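Lettered A, B, C, D and E in written order, each chain numbered from 1.
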Amino acid sequence: MEKLEKSLREIAEKLLSEKKVDLIIGYERGTRPLRTTPCFVNKTEDVQKLIWDSSCDNNLAKYVVDRKEKVGVVAKGCDARLIAVCIAENQVPKENVIIIGVPCLGVVDRKKVESKLEEKEILEATIEGEKIKVKGEEFELLLAKNDFLCDSCLTCKHRNPPIQDVLVGEEVPELTEVNEFTEVENLEAMAAEERWNHFNGELSKCIRCYACRSVCPLCYCKTCFVDQSIPTWFGKTNDLSDTMIYHIVRALHVAGRCVDCGACSRVCPVNINLRELMKKIEKIVKERYNFKAGLSLEEAPPLGDFKSEDPQEFIK
Amino acid sequence: MKNVEKGWEPRILAFLCNWCSYAGADLTGISRIQYPPNVRIVRVPCSGRVNPYYIIKALQCGWDGVLVSGCHPGDCHYISGNLVARRRFAVLKDLLEYVGIEPARVNFSWVSAAEGGKFASVVTEVVNEVKALGPAKRLVKVRIEWKNLKNR
Amino acid sequence: MANIRDQCSWVHMHEHEAATEKAKDLVRMAVAKARVIEPLKRVSLGVTSRGLVIGGGLAGITAALALAKQGFEVDLVEKNNELGGFLRKIHYTLENDDTEEYLKTMIDNVYSNELIKVFLNAKVEHVSGYVGNFKTTVSINSGSDVRRELEHGIIIVATGGEEYQPTEYLYGKDSRVLTHPELENRIMMGPTPKFGNVVMIQCVGSRNNEHPYCSRMCCGEAVKNSLKIKEKDPMANVYVLYRDMRTYGLMEEHYRRAREAGVIFIRYEEESKPKVAQTKSKGKNGLQVSVFEPTIQEDIIIDADLVVLSAAIVPSQENEKLAKMLKVPLNEDGFFLEAHAKLRPVDFATEGIFVCGMAHSPKPIRESISQAKAAVSRACTLLTKDTIEAEGIIATVNPGRCTACELCMLVCAYNAIEIEETKRGKTAKVNSALCKGCGACAATCRCSAIDVKGFTDDQINSIIVALR
Amino acid sequence: MTNPYIPNLTVIRKITTENEAKDIKTFELTFKDSEAMKNFKYRCGQFAEISVFGAGECPIGIASSPMDKDAIQFTVKRVGVVTTALHNSEEGTVMGVRGPYGNGFPMERLEGRNVVIVGGGFAFTTLRSLANFILHKANREKFKDLTVIYGARNPGELIYKYDLEAWKKRDDINLNVTIDSAVPGWKGLVGFVPAVLKDVAPSSDNAIAVVCGPPIMYKFTMPVISELGFSPENVLLSFEMRMKCGIGKCGRCNIGEKFVCKDGPVFTYKEFQRMPKEY
Amino acid sequence: MKWKVIEKSKLPNLIGELAREYEIFAPVDRKSIGSFERLASGSEVSLDSRNTKKPPKDVFIPQTETLFTYKTGKQEVELAAPQVVIGQRVVLAVRPCDAKSFVLLDKFLSSGEYKDAYYKEKRKNTTIVGLACNHPLSTCFCTSLGGSPHGKEGLDVLLQDINDKYLIEPITERGEKLIEKFPWLKEAERADIDKAKKLSDDAEAAVKSKVSIDGVDNKLDGMFDDPIWEQICQKCLNCGICTFFCPTCCCFDVLDEDGKRIRIWDSCQFSCFTLHGSGHNPRPSGKERMRQRIMHKFNYFVKTHGESFCVGCGRCIQECPVNLDIREVVGAISALPTDKRSDND
């Protein structure tokens, strides 16, 4: 990982010094174990703060929307695809963004590591190559990184950013023959009643903190549909029906745009696996319209387009 | 809104596109073709006008079924209103079914201005399917009953 | 309006109690909407009573003359340095009218008519505005590159079609393989030549996967020229190799006359197309056509002196560029797509723009003329009014909520929405003249930034919650 | 335990439309329970939370003067969900009123001094209450001379026309009504409020200025007020912020550490200068 | 009142006895998310070493609460305020920092000319039984805010886990009344008390992360337009996690919903929190909103109520999606030289 970090810093320094960008958005070491935090570098000497390892899980595409100045963004495969979607939807002009693509072998899911250690608190953690060294009060463990990757990274088919201006390091082999819809298929196999109770249980934990909306780069509406007043569509209380509808409609809104970066599931403080909804939407759009989000800047989004031969088996 | 004891009758909300399905419904009337009285019709300019919010809000308000009907592909008075809507409805229907809402609750159909008979048969089919499902419970927002709260 | 008659009483005759309950509900729903409706103001817009005709072929000229006859000024824009288009290649018709003469008089009328301004060697560079208020920049490159800005209320697209340059049947490799216009030149120019064996091959470049459509006028041309050859040289043998003789309508009459005149029509199947080969026999290189006749299940071989190909009509290259400029659709074959085959055959979806002639699809001369006049009659429904009223039921944008993501522009069939730069950033803006109020944009917009007057989200929401 | 969130029930007795655009109306409410009416003692400049059941609540300045005992008036502009629902209701509808909230104008500081009222646009409600209170026969002599400067975009937007007429006839008030730009048939003053204030130039000694209007008006009026020699503590400003509870608990109406609903809405210009510019 | 002791094994039946008379709230482990919920049976209680993820504030301020219900007739409206609390309640295993948050909430909600009736009534008939922290987390900094892992402020009774037993220390008079209901509790020996003392001292020493907040409120006075805010708030996503998980954040929204007026949790981080009807928003971007959160906790509340509105529980640090650490923010502010700030009064 150090090789990647070094070349990332060189690229950042070059971009800043050549005035190609006014700001670099990347990751720096966080204040807590296994945590990195977004960092905004505009002076070449701060470039040393930039780091890269597989705990850089924040989705930096969120900071690209409505950027006035020229920006260089460190972007994993999913982030780069989301920046592409934001550019295609005119939320930021292409010439304002330089995508610094970083081939990514998957980011570590902190919740998986914490649940593995149950009660014991992690005081220190470092990632070395394939291993995670975890230190606590009176324990020290070496964990295999690949057992603790985020769910979306396990089936990610775009480890190398499909759209980028600069590539850090070399391309990594892509996962090809992996079925990314296994969880969705398991849920689909359930009976409707069982699925309803499953989603009821999951979404009843929601406390409407809107972190999933705040972290998703696709949610840039000025007034979200839950905050609208004339008419007030759905309630803002944590009543079960309002909460389920909030998540259902948000899933509809990312149809044909979501790239499954997994940020919404990672950020949820009450551990709701929102990917179950978003992945189903991705499956619907893929099967019905053979569309995959964020792979090109020109392609019309599926819900803004139509073909005469679109499937209509569900129409009487 | 629903009396479950004696012969419960479902209430179905129908969004009919002004140029084809609404005219089709009128033709059903002119030709006196009978169909069950459970449907309440809302006229919209085009099936493309029907926002997923309407369908979800209807389900939340306790409507037992929703029908959206528009012109056949190619006949749309607004050229592509129904074609754009078709994709939207496809995604919505698949997602609602996935979340666990009975598929028969949300129905879509193409009925042209000349198909009075088809409109009646579509409505009958929808009413029977919804009646088989029973009153809508999933996603319905429970309204507070006035009686048991007024205790001070 | 609560539709109690057609949608309640007449359709629930035997369930009085339920029907009354339904009628009450329908009234409740109608009242719920009525409480939040607002008056719809109809926006009136001025109309520049001038017309623009793009393309100076037969259709273009007919349209320009017809418009002038109605008293409207016309700008006629032609990309070549002379008027006439495809008609210049045709000298006579099936009914033996003299098209050259007809074209000459039409062109004289055009030039002599002071209402019509002709721009030769002129190309349309940019079109802006909307019905009644179009602004077009035309670049004229006769020598120096001059740009002219034209203002008009309607646009008639008459850019015509082009003849398909065949690559099969040794066309271009053997001087004896011609197309019908070339044959016509030869017939008209030369003295009474001897034709000998003439073999005509139909559907060249038409009805294949590249151009799946039928060019509709080549069977007529074949019959016309075979009759002309028989008339000029009765001893000539004319063979027409066809897949289907589509001399529809009154042309059927001439097809019968051709058969009576001794023209031999031989059918072939699409899979076993005729073959044309050069042969070396008796010292001079002959031309041999062999075709597999399905009924007798045998190959027929003809030594031909002349092979005439009925080449298809293909859309002109500029259609793509012009369509983007006018924001009008092309069909899969590349011709201009009319708003509705039966109800609005010469209109485009975008109001104020019309199409006629071979730009719309290949068609014989008569049909081009009648379609040109039809386009003019439709155009005059707009030009005769000095103001047109935009619909009351149109979409409006709430700039406070719009994020200018252009999703509404993608779904608008009428291209009525543009992105506008304001102090507060970019927002969508609806052109009330073009908007038809279908609401596709309002339903697609995630942030409900766009709403349709008369069917607003608030009104429909109050209907949904009316019976709670 | 007195529950501050339960409103008193009132009935709309009279609705008068105030401007041509018909989006400003004055609602006269009478309390259903006379006891509650008596306890509803309020000062000029205070506001109340009006409940439109089914739509919600909104904070509206009390427009009637504390002197008329039988009813209270609120002037409401149609802006959001609650105000639209209010505009759609007719006489006889039952509304909820909670309050009075806010500190209102410090009447004791105004007594024995000249009062200069400067109002703009539709925010003239609480100033009208103050003017009527001062002009009431029981209070008039407690105050020295009263100058009123009131401006609106055009004659159609001027509200309380009947009060303005009544005040014109009196001699103990120096009334100046102006509109932003000249309109045919308008004989009165023309010009923005700050400009008219400069011309009228009320003397600042032993005088207190009460200013109320949209934030844009403050920006231009404050320099003129200081020029006229009013010291910052002799200038009262009234603010309008988003409010929900009206009693300083829901946490949204603060400017700095001051809650506009509890510690305001009236602040002296001196206090205002110390507060962060977040209003 | 003497201190008592109870074996860990006996705790469930103590809770069982309590349940007969009181409605009990205690930490329940709902799929690894600790939260305070009404107990069905004693067994569910999970008293693991960590503090619960969700603060106990929803015992007193539920996320959705009905203020009153109304029934609108022709020209008639009937109002009915619901019964706020039926009978006495007990909250078990509240950590000292959360208990301190109740004291701060009392200052904010139950003081002043108008008191929040719903909150006040619930506080009046709820007894709070605390549980001292023996293993503070790395994100805890309660000692910097005047608290301690075994602080007593805001508690009626304090339990302390001494390996096999719990030491019970009644603090307030209401706490004593509660303990008296269980005569079978044994007295605590000297050894138990010393062991508890030692455990608390170790715990106090174990709170390593320190933040100096003295002088921070004065520094914040002149800092409203300081460019440092731009830097601090740049990465903040303005979601609602830090405010919803903060034990002292109690902002709420009031709205009407078919037949009832309800109040729900709201957050100063949401965009329409201060949106005016005219469309003007005094806090248009994320920077102003995060600045408001810091100013309110470390300046405004100090000015109006004399102490910071933060108890150092560290939940906002654990849950923040972008790891915006409030200790870093307060540290950066307190590190700023004081002379640069010119107070403008």
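The rule is simple: contacts are C-beta pairs under 8 Å (C-beta built on N, C-alpha and C of every residue); 3 or more make two chains touch, one makes a residue touch a chain.
Treat the numbers as computed from the prediction; the structure is a model and nothing was measured.
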Contact distance in steps, from chain A to chain E: 1
Pair with more cross-chain C-beta pairs in contact, given A-D and A-B: A-B
Of all other chains, the one whose Cα centre sits farthest from chain C: E
Centrality ranking, top chain (CA atoms only): A
Distance between chain centroids, defined by C-alpha means - chain D, chain E (Å): 39
Between chain E and chain C, distance of the C-alpha-averaged centres to the nearest whole Å: 73
Centroid distance [mean C-alpha coordinates] between chain C and chain A, Å: 48
Per-residue multi-chain contacts in chain A, two or more chains: 222-223, 225, 230, 233, 235, 239, 303-305
Chain C, residues touching no fewer than two other chains: 400, 411, 444, 448, 457, 461, 468
Per-residue multi-chain contacts in chain D, two or more chains: 80
Contact set on chain A toward chain D in their complex: 229-230, 232
Chain C residues touching chain B - in the complex, by the definition given at the top: 3, 5-8, 10-15, 18-19, 21-22, 25-26, 29, 339, 349, 393, 411, 413-414, 436-440, 442-444, 448, 452, 454-455, 457, 460-461, 463-465, 467-468
For the chain A and chain E complex, residues of the former touching the latter: 30-32, 35-40, 58, 62-63, 115, 119, 121, 123, 137, 205, 207-211, 213-215, 222-223, 227, 235-239, 266-267, 269-271
Touch list for chain C against partner chain A, complex: 400-407, 410-411, 419, 426, 444, 446-448, 457-458, 461-462
Of chain D, residues touching chain A in the complex: 80-81, 84
